[in-house]
Structures are given as structure tokens and as C-alpha cells.
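Several structures are given next for inspection.
Note that chain A is present in both complexes that follow, paired respectively with chain B and with chain C.
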Partner chain A sequence: MTALLHWLTFLLSIILLPVLTLGTIRKTKARLQNRIGPPICQPIYDLVKLSRKGETISSTMCGVFRLSSLLAFADILVLAWLTPWLCFKPWAPHSNIFMVVYLFAFARMFTLLGSLDSGSAFGAFSASREATLSLLVEPAVLLALVSLGIFFGSSDLRVIFSHQTNQTFTDSAIWIAAGLAIFFSSLVELSRMPVDDPTTHLELTMIHEAMILEASGRNLALIEFAHALKMSIFFGLASQCFLRAFPQFNTFNVYSQGGLNIVGILGLALFVGLLESLIVKLQWRKVPEFIAYILSLSLIASLAAIGAGVIK
Partner chain B sequence: MTVTATEICVLTAALLACLIVGSLHLKVNLWLYAMSTLFIALATAAAALEHSETGLFVIAILIALLKSIAIPKFFSWAIDKLHVYRDLGAIIAPPLAMHAAILLFSLSFILTKEIPSPAGPGNGWFGAAGGISLVFTGLLLMLTRRLAISQIFGFLVIENGIYVFALTQTKGMPLMVEMGILLDVLVGVMVSGLLLFKIQKSFEHIDVGQLTQLKEP
Partner chain C sequence: MQIQDMATFEMLAVLLGFLSLALFFGHRKHLKPAIPAALTFLASLAAMAWLILTWGHNFHWQTQAPFLLGVFPLTFEVDGLTRLFLLLLSTLTCAVSVFSPSYISHIAAKTHAGQYWICFWLFIVSMYAVVSSADAITFLVAWELMSLASIALVATDHSHQSVQKSAFIYLGATRVASAFLAGGFLWMHSITGSWTFHDWTFCIESTYIPAFLILIGFCIKSGIWPFHIWLPYAHPSAPASVSAIMSGFMIKVSVYALIRILVFGALNSLWIIAIAFALSVISTFWGVLFALVQNDLKKLLAYSSIENIGLVVMAIALSLYARAHSLPTIADLAIIAAVFHSWNHGLLKCLLFLSAGAVDAQAHTRDLRSLGGLAKRMPWTMAFFFTGSFAICSIPPLNGFSSKWLLYESFFQNILLSPTAIEKGLSLAVICLLSAVGALAIAVFVKAMGVGFLGVARSKSAQRAQEAGVGILVAQAALVILCVASGANSEFVCRLIAQSLTSSGLKVSYTISNGLPTGTVAILLSMLAASIYMIFLKTSKVTKYRTWDCGFGSLTEKTQVSADSFAQPLARIFRPFLRYQNSAKFEGADRRHFPEEVTVETQIISILENRVYLPALALFGGLAKLLSRLQAGSIHLYLLYVCATLCLLLILGMTL
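Moving on, here comes the complex of A and B:
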């Protein structure tokens, strides 16, 4: 019975959490701009509406375009299954750090292929920008996860995120530095505010939006949902890092841990909404500088992990 | 291994100082310097609690007022007067310099392990490492910048480092010595500020890389 309950909650959170995360960000931004804004569940209605609509496909496209969004969605679903972004998963599979990072890259590759296949000028340049960004941010994500791996002596994310440690100062410092690095690199990976404005209407400044410009109907619904799910996976990992920095977290039972986890994801979404209302989009040439700051956070985490290993 | 509140504050200050190297905006640099110095003031206050010395409290308040409020305010005013808002950078790109500063931060841990600590082995290790790291960061800042005003920032960071080293290794200097040093720093900053205006007036820029070139009268 409890197993069934676990499965149900897991499936529900895979379906609902991405939507709620997106809805929270939009609601926060709307409230800060003195608008009432759409209800938090609005992304669900949007997805339902999109899946009912018909789609228009350019005559230059081959099958890659249709297939790519489907494959990217499947890839992200596998990742939702593999990564320990929620701490109440019914069955925890092995998930190697490198496999997870490159499965994310794999999903992005499909999106890039789809945007190139559409044959529009915007698709090509946004694909090139997205590829550049992923190239720049990859070492930051990898170093942050690897620093946790070094510290806990395993390259398996499941082992890292279920570790019962005697919490010391270095433990918390590494968790917080790695969590910050994962969170900020997720802003780049998901092309959110300091790097790309998700609500922009000018195609020349878009990154992610220009890639999915040609998608419509069910295709667009799939892409949007995969993107939101990717966002909640990243926020889930980051929020767990922050929560595990507190020694008390390990003493809670699994329900309150799960509840705190979900609150953490939504809290990060709230923070992103706040961030997006307060700061402006960076110039494209300034983005590497921003990513350098993220990389230095991961560097701090990995050096601290190595140092802790040396002291032991 | 236990880490005291002083050491946490010192390490945070050292990391904030590392971030100074990563930005060329003078106002951002000043803001980060002020935050770093505020953490040093907090470290002093924590040390005062640990050793229960009231003199250190006075010094903590003086540092917070003078070094993290008055000096940044003065330089902010000077930047507005000089109309110079960005450094040009020299030798290596600022993001790379920041990564180098973080590597030096970890190097300083290895270095301080070799220093025999007066308070016994294993004591004040993190604090001393933070101090040495601040000195390294200041040197790196002076090396990778071109403007005279950035050189002063580098000097101020080095001064912070020396103060932190003294604080964590000797349980605080006498009040009179610290007050004298603070006065010296204040006077030094004022004099260097005056020099900045003088350089700007006679050379029409404050780029120290070009100061070797002779100017037609």
C-alpha cells in the first residue's frame, strides 16, 4: 500500500511540480509588476490548449523536427527517473554523475537538431547560441557535482544524495557552494533571466524561444513541458543541496523531507521570479563573465572537497 | 576539527575579496570590498567574544565605520568626480584572474600549514590562511589592473590581510596600536585620493601603465 502511495506521489509530482514551478515564477513576476497575473495552475491550461490545437509545419522540414521534440521529452523523462531530485522516489536507480550531465546534453542536442531542421534563420543562430552556452556552463555543472562526488567518495548521485554524514562546517560549506553553483548554472541551462529573457518578443535577442519558434500545437506542448520538467529537476537538486547543508535535515522522516523538498523547489522558483523582476538581461558578451562566477563557485566547492579529503 | 565563528567570518571575507578580482567595474569592486571588510569587522567582534576583550569590540566598530563605510564612500565620491567607472584590465582576463585568486586561496592553506602557530598546532589555521589569501588577492588585484584607483584597492585588500593575520595569530593587538594603524590607513587613503586627482589633472588619465611616458609641457 505504501509502495503504491509512493508511486502515486512520484507520478503526481512529475506531472504537477514542473507546472507549479513555472506558474510560481510567472505569478511572482506579475505580482511584482503590480499585475494580478494568471493563476498558478495556468501552465496546465496552456498545455491542454496547446495539445488540442493543430500544427503548421514548414515544407522544408524532414522528420527530424517532429522526432526531436519527442526524443528530448523522453530523455528528460528518463532523467526525472534517474536523478535524485526528489527524496521520496519509490525506487532509486544507479545514476552516474557523468551519465546524468551528458543525458542533459543529449536532450539539448535533440532540441538543437530540431531548431536547425526548421530551416528558419532564427533557429540557426539561436541553436549556435545555445550550443555556446552549454559549452561554457558544462564545466561548472560537472565540477559542482564532482566535488560532491569527491567528498562522499562515490560517483553515484543516489549515494551522494542519501548520505548520512556527521555534519561539520566543511560539509555544509561544500553543500551550499555546490547548491549555489547548480542553481545558477541551471539559470544558464534553462536560459532564464540574466542570460536570456524568456518573455522577450524580439527574435534577435532570444535564445531558447527562437529555437522553438517553429513549433506549434502538440509539439510545442511537449517542448514546454520538457523544459519545465528540466527546470524542476535542476531546482530539486539545488534545493536538496541547500537542505542537506543543515544537519537537522537527516533526522526528519521521509514525509517531512519530501515536503521540505517541494517547498524548496517552489521557494527557488519564487527566488527566480524575484531575480527576474529585479535584474536586467546581460549583454551577450557579458555572459561568459557571469558563467565565470558560477565556475568559481564550483571551483570553491571542489577545492573544499579536496581539502577536506586531505585533512581526513 | 572545530571552526570558530571568527574563522568562518575571515574565510567569507577572503572569498569575497577573491570576487573583487573578477569584476572591472570600480563601484562593484568597492561594494565587494566594503562587504569583505564588514565580515572582517564581524570576525573581530567574534574574536572579542571568544577572548572576552572589550578593546577588540571598539576596534570592530571602528573598522566597520571607517573601513567598510567611510573609505568606500570616499572612493565612490572620487569615482564620480574622476568620471572613471571601469578599469581596463591588464595581463590576464578578469574571470581567469578570479579563478587564479581562488587557486591561490587554496594554496594559502597549504602554505599556512608550514607556519608554526603560536597558539599551538591546529589552532588559528583557517584564520591565518584567510589572512595570507587576502594578501595574495591584493597582490593579484594590483597586478591585473591598470588604473591608479584599482592599485589603491589592491593595497587596501593587502592591509586587510595583514590585519586578519595579526588578529587570528596573536589574539588581537593592543588597542592603541590598532587605532594608530586605522588612522594611518585613513590618512593613506586620503593622500592617495589627493594624488589621484593630481594625476588626473596633470596627465588627463589615471592609467599607471602610461605614467612612464613623458608628456610635452
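Moving on, here comes the complex of A and C:
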């Protein structure tokens, strides 16, 4: 019975959390701009509306375009099943760090191909920018996860995120450094500010929005949902890192841990909304600098983990 | 005794068979390619069947009296490791022989069919011989045959000057490689007194220099930085069927030999391991970086081979290091990674080169700047090329990932287990570099796929392309199936490799208790995708309209992204390594405001070639010119030399 309940909660959070995360960001931004803004559940209505519409695709396209959004979506779902982004997951499969990173690359590669399929220069140039960003940010994501892996002596995320540590100062420091690195690199991976402005519609400057410019109807619904789910997975991992930095977190029972986890994800969404209202988009040439800071953060985390291992 | 007789008989059969084939086919310029291709297919299928049927048995042959090389018998040995590599060779040969008939008919006008097939057979047979040779002399003989046959194959279309140049550069590279190898082998023989690889160990200090020579020789032949420059010349010049085997297997022969000689010989010199490691790290990075800016599809693949061979040598170096420091788990993981990645890269590169050959044959160009829009005209070729690209970018659940994961995992374990902080930090740096290289590889292949196959055709010839023939498609499909199967069953393959290595005499155990869930992921992914498609996307109402053009007029081939501009933002980051040479010309009466003709030329400068190799060659050329003064062509001078030599010898004879 509890197993069934766990599955239900998990499925419900896969469906609802991405949408709520997106809604929270939009609501926060609206409130900070003195608007009432759309309701938090607005992304759900949007998705429902999109799935009722027909699709218009370019006559240049072959099957790759529709296949790409489908496979990217399926891949993100597999990732939601694989990674421990929620601590109340009913079934914890073996989720290797490197496999997770390369499964994200799978989705990205398909998105890139989909944007090239129409032959439109908007899609192609944004794909080129996305490839550049991913080159810079992939080492940062991987190293952030690897730093945790080094510290807990395993490359299995399941082991890392269920570790009951005795909580020294180093533990907390590494959790926080890794969490920060994951969170900031997720901003790059998800094409949010300060790297890309998701609300702009000037094709020349945007990255993610230009890649999906040709998508419409149900196809667009799949892409949007996959993107939101990817966001929740990243925020889930980051929020767990932050929560586990507090020694008290391990003493709670699974329900309060799960609740805190969800609150953490929504809190990060709130923070992103705040960030996007307060800062401006970086000039394209400054972006590598920003990512270099993230990379150094994960390097520091990894070196600290190695240092802690040597001292032990 | 019986086996010895059989070996003699087999040698005789091979020689006679070759002679008769040469007599029958050799002089024919035009030939129905189906007959020799079928012969190749049957022979390699038989070899494959024999290798599988005798699984687990080791064989040792020695040739008898008439078939000696001077006084040395030729010795061959087939054990677990050999069998793995021979199986790969047989598989690739099978695929290529299915591919060949319809491909060769496209290039028939430019080739001498008889010569092509004789060289091809010689090439394949000599590779079988190299891999199964058990002593240095047999190895070198077969190695030279392999090198020369492949040079002849590279020069198949020798009427082009570029092909002549490529063949010449390749010839130079093989000569230097053989010189290093011969030096190393002779040195080892003088130390151990034996030619047999089994007797060679590299644990004492006096063997370090020959080990270094051997390492450099194999690095040259496998295209490790800075000796890689022949590879981007030789692979594009050869016909696709040849470059598929060259990139798929020939450069892996060096990997095999490195494992057979240095790893089995337990090399423990840290300096040599460090050199191998450094070179391989640079190769991975250099290869993928230059692949990014290539516009020739086959050149791009050639550079990607440099990257992958770098990964394999990196794994070998790690394995050597770990064994020298008695960290057996890491050593085992790394050596399995090396063998597995060789296998995967062999399959993948063969597949990709065959696809590139199909594109070349149908669209009459490999230049990404004039390709595009092939997706609708060659859907199957596209599907195969895309699968190969995904696998070579190590995307799970395909096979490229499984072996790259082993490499990642062995470096990760090295961070956990190695004793000193420096080595931990170095492993961390390598993991960081590997992930950057992986992301670059994705950019490279997205460029190849997106610009080459998607969008609108950029030239008339790409517009008129048709789907390739059945044989071409079947060969690729078979390789795709193998790639998917070995990716989904990666754990089984790893155990197989460990078992084979153990039966060859290197104790290796595969210790990962819970392997990757690649199979589960593959099944889950396909089921999810299929069900979402059936429920959600299939019922969607689709209308077609032209691509969004921002109101500037409809999409043409010129408004698309070009291969160069796709790579530009990435190339900008690596400006110190990638030097562009730009030249622009504006012509016309009022060329400032209304130029009538604008020509822009962009070229990547190869730093290594221009700064290192060409000056070195010029130096050698100058020295040779000085020497040539001795040979003035005057009979009087030569008589003087003879006289002087005679006098010298007489004086020497009197004094001694």
C-alpha cells in the first residue's frame, strides 16, 4: 500500500512539479514587476491548449524534427526515473554519474538536430550557440557530480544521495559547493538568465527559444514539458545538495524530507525569478567568463573532496 | 606434428591461391566487382566461423623448411586477444565486401580493378598475419606488407595530384614508423636473445629505450599527435571501402601490438608511460578540435579517429601505470576499456566511412559546403549515419558510451584509489578534459549531420542524389545492428574481453558488480517513445508550410547556416590553436559601394605542419642536396672514389 502511495506521489510530482516550478518563476517575476501575473498553474493550461492545437511544420523538414522532440522527451522521462532528484522515489535504480550526464547530452543532441532540420538560419545559429555553451558547461556539471562521487567514494548517484554522513564541516562545505555549481550550471543548461533570456523573442539573441522556433502544437507541448521537467531534475538535485548540507536533514523521516525537497525546488524557482528580475542578460562574449566561475566552483568542490579523502 | 603440417599446407594454399588470383584478376582493368567481392565475403565469413567455432582454444604454428625467411621460421599464434581483433577484422571485411560491388561501380572509371582487388586482398591477409604473428620477424614482414598494400590502395585514384601527395606523405610516415619498430625490435633481440614476443619483458632499465622506440613506432602508425598528419591525408584520398578498413582496423593493429608487446611485457618505466599518456591526451583534444573545422566529411572522420585512438592509448597508458603501481582493479578496467573501445571504434568508424562513401558516390561530393538536404533523398543512409554519429559521441545506450564509460570509471577509481594527491588531481583533470572533448565531439557530429543531411541541398549534385544501392545499405545496417547490440549487452562484452585477455596470459577480471543499466535504458526509452508517439503525436493534425523566414523571403540554400559558420563560435574559443587565414577580394568599378564580385576565402592553417614538419623536411632536403655533390655524375670522380677506397682498405689491412 505504501509502495503504491509512493508511486502515485512520484508520478504526480513528475507531472506537477515541472509545471509549478515554471509557474513560480513567472509569478515571482510578475510580482516583482508590479503585475498580478498569470496564476501559478498557467503552464498547465498552456500545455493543454497546445495539445489541442494542430501542428504546422516546415515543408523542408524530414522526420527528424518530430522524432527529435519525441526522443528528447522520452529521454528526460528516463532521466527522471534514473536520477535521485526526489528523495522519496519509490525505486532507486543504479544511476551512474557519467551515464546521467551523457543522457542529458542525448536530449541536447536531438534538440540541436531538430533545430537544424528546417534549414532555418535562426535555428541553426542558436544550435551553434547551444553547442558552444554545452562544451563549456558540461565539464562543470560533471565535475560537480564527480566531487560528490569522490567524497562518498562511489560513482552511483543513488549511493551519494542516500548517504548518512556524520556531518563534519567539510561535508557541508562540499555539499554546498557542489549544489551551487549544479544550480548555476543548470541556469546555463536550461538557457535562463544571465545566459539567455527565455522571454525575449528577438531571434538573433536567443538560444533555446530560437531552437524551438519551428515547433508548434503537440510537438511544442512535448518540448516545453521536457524542458520544465529537466529544470525540476536539476533544481531537485541542487536543492537536495543544499538540504543535505544541514546535519538535521538526515534525522527527519521520509515524508518531511520529501516535503522539504519539494519546498527546496520551488524555493530555487523563486530565487531564479528574483535573479531574472534583478540582473540583465550577459553579452554573448562574457558568457564564457560566467561559466568559468561555475567551473572553478566545481573544481574547488572536487579538490576539496580529494583533499578530504587524502586527510582521512 | 600434425598441426605443423597443416600450417605448411595452409601457407601453400594461401600462396597458391594468391598466385592464381593474381594471374586471373591482376591484369584486368575492368572487372565485374561482384565476383571478387563475393570471394572476399566468403573467405572472411569462413574466417569468422573458424574463430567462433574454435573459441577458447589457443593455436600456435610454425612454418617448415621451404617457407622460412632466411633461417627464421614464421610463427603465428591465435589466442584470446588475437581472436578478438581478428573477429573485428573479419566482421569489417564482411561488411566492406557487401558494400563494395555497388560502390566500386561508381568509381570504376578511376580505378584499375585488378590492381585494386589484389592490393585489397594483400592488405586484408597481411593484417590477419600481423595480428596473429608471434615473433618480431614475422610481425615486421607482415607489417611491411600491410603498409605497402595500404599505400597502393590509398593511391588507387592516382591521377589526382592531391592523391599522389597523400600517398607520398603516408609512405613517409610508414617508413619512419617501420624504422622505429625495427630499431626497437633489434635492440630487444640483442637484450633478450629472442624474437618471440612472449620472451620480452620491459621491467629492467636497459629495455626502456627499445620500449620507447616501439611506442613511437606504433604511435606514428596509429596517428597519435604529433605524428597524426598522415591520417587526414590518407583517409580521404582512399576509396571509402579502403578507408573504412584503414580507420576501422589498420590503426587498431598498432593498438593491438601495444597491448601485446608493452602491456603483456609489463612495461614499468614511469617516463615512457607518462609520455604515452601526454601524447594521447593531446591527441584526443587535438583530433576533435580539428575535426570541428573540417568541411570534407571524410577528413572530419579522420580527425575523429585521431581523437578516438587517443582515448584508446590513454586507457592503455592508465592500465600500464596502474599495473606498475599494483592497482589491479584500475589496470583491469582500463585495459578492458582499451580493447572495448578499439572494438567499438572499429565498428563505428567503418560504418561512418561507408556512409560517407555512399554520400560521396551518390552526391558526387563530400564537401559539407555543397551537401545538405540528403535526408529526403537518402533516408536510410541518413539513419545509419545518424546512429553511428550518436554512438561515436558516446550517447547511451549505444556502444560508444559503454567503452567510454569504462574509461571514465577507471579514471574515477584512480582518483579514489591512487596513493598520491598529484595523480588524483591529474585524473580529475583528465575527466574534465574528457567531458569537454565529448561535448566537442557532439558539436562536430551535429555539424556533420545537420549541415550534411538536413535542410536544403546546397548544390545541384546534392539535389540529384538518389538512395544508395542495396549492398551499400545492407552493409551499414549490419554494422548498426552490431553497434546497438554490443551497446545494450555491454556487460557481457566486458566479461568476454576479460576472459579473452586472461586466456592470453594477462590476468584480468571484470569486477564491476552492478554494471550499467544500458539495456534497461534502451528498452525503457524505446517503449516510452513508442507509446507517446502512439497516444500523443500520431493523432496530431499536421499541416505543412514554408520555413519561418522573418518576412525576408523564402528559404534558399544560401540563407542556411554554412558548415564554417556553425563551427565559428566554438572555433573562436580555441583561437590559439585554430589559425584562420582569411582573404577577401572586392572587384568592380565602384567596389567600395557596389562591388560586382566578392570573393572570400577562409582556410585553416595547420600549425604543426607549417611550423614543424615543413621546416624539418626543408632541412633534410638541404642536407641531401649537400650530399648529392658527392654524386656528380662524372666517371672520373667515381674512379677516384674507387681508388681512394682501395687505398684506404690496403692501408687498413697493413696496419691491422
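In this text, the second predicted complex is superposed on the first by the 312 of 312 C-alpha atoms of A that agree within 3 Å, B and C clash if a C-alpha of one lies under 4 Å from a C-alpha of the other, contacts with A are read in each partner's own complex, and residues count from 1 in each chain.
Operating definition for what follows: contacts are C-beta pairs under 8 Å (C-beta built on N, C-alpha and C of every residue); 3 or more make two chains touch, one makes a residue touch a chain.
Source: prediction; values computed, not measured.
S.K.: Which chain, chain B or chain C, ends up touching more residues of chain A in the combined arrangement?
M.R.: Per-residue touch count on chain A favours C.
S.K.: Please indicate which partner A:T168 is in contact with in the superposed arrangement: first for chain B, second for chain C, both, or neither.
M.R.: In the superposition, A:T168 touches chain B alone.
S.K.: Quick check for you: in the superposed arrangement, does A:G259 touch first (chain B), second (chain C), both or neither?
M.R.: neither
S.K.: Just chain B (first), just chain C (second), both, or neither: which does A:P39 touch?
M.R.: neither
S.K.: Where does A:P247 make contact in the superposed view: on chain B (first), on chain C (second), on both, or on neither?
M.R.: Once the two structures are laid over each other on A, A:P247 reaches no partner at all.
S.K.: Between chain B (first) and chain C (second), which does A:L303 come into contact with in this model arrangement: first, second, both, or neither?
M.R.: So A:L303 meets both chain B and chain C here.
S.K.: Is A:P288 in contact with chain B, with chain C, with both, or with neither (first, second, both, neither)?
M.R.: Once the two structures are laid over each other on A, A:P288 reaches both partners.
S.K.: Starting from the residues of chain A touching chain B, keep only those that also touch chain C in the other complex, and list them.
M.R.: 288, 299, 303, 306-307
S.K.: Can you name the residues of chain A that touch chain B in the complex?
M.R.: Touch residues, chain A against chain B: 168-169, 288-289, 292-293, 295-296, 299-300, 303, 306-307, 311.
S.K.: Can you tell me which positions in chain C touch chain A when the two form their complex?
M.R.: These residues of chain C touch chain A: 372-373, 375-376, 379, 382, 386, 390, 393-396, 401, 404-405, 408-409, 412, 415-416, 421, 424-425, 428, 431-433, 435-436, 438-440, 442-443, 446, 449-451, 454-456, 514, 516-518, 520-521, 524-525, 528-529, 532-533, 536-537, 540-550, 555, 559-561, 565-570, 573.
S.K.: Quick one: in the complex, what on chain B touches chain A?
M.R.: 1-3, 8, 15, 18-19, 22-23, 94-96, 98-99, 102-103, 105-106, 109
S.K.: Within the complex, which stretch of chain A touches chain C?
M.R.: Residues of chain A touching chain C: 51, 54-60, 62-64, 66, 70-71, 73-75, 77-78, 81-82, 93-94, 96, 98-99, 101-103, 105-106, 108-109, 112-113, 116-122, 124-125, 127-129, 131-132, 134-136, 138-139, 142-143, 146, 149-150, 153, 155, 203, 213-214, 217-219, 222, 288, 299, 302-303, 306-307, 309-310.
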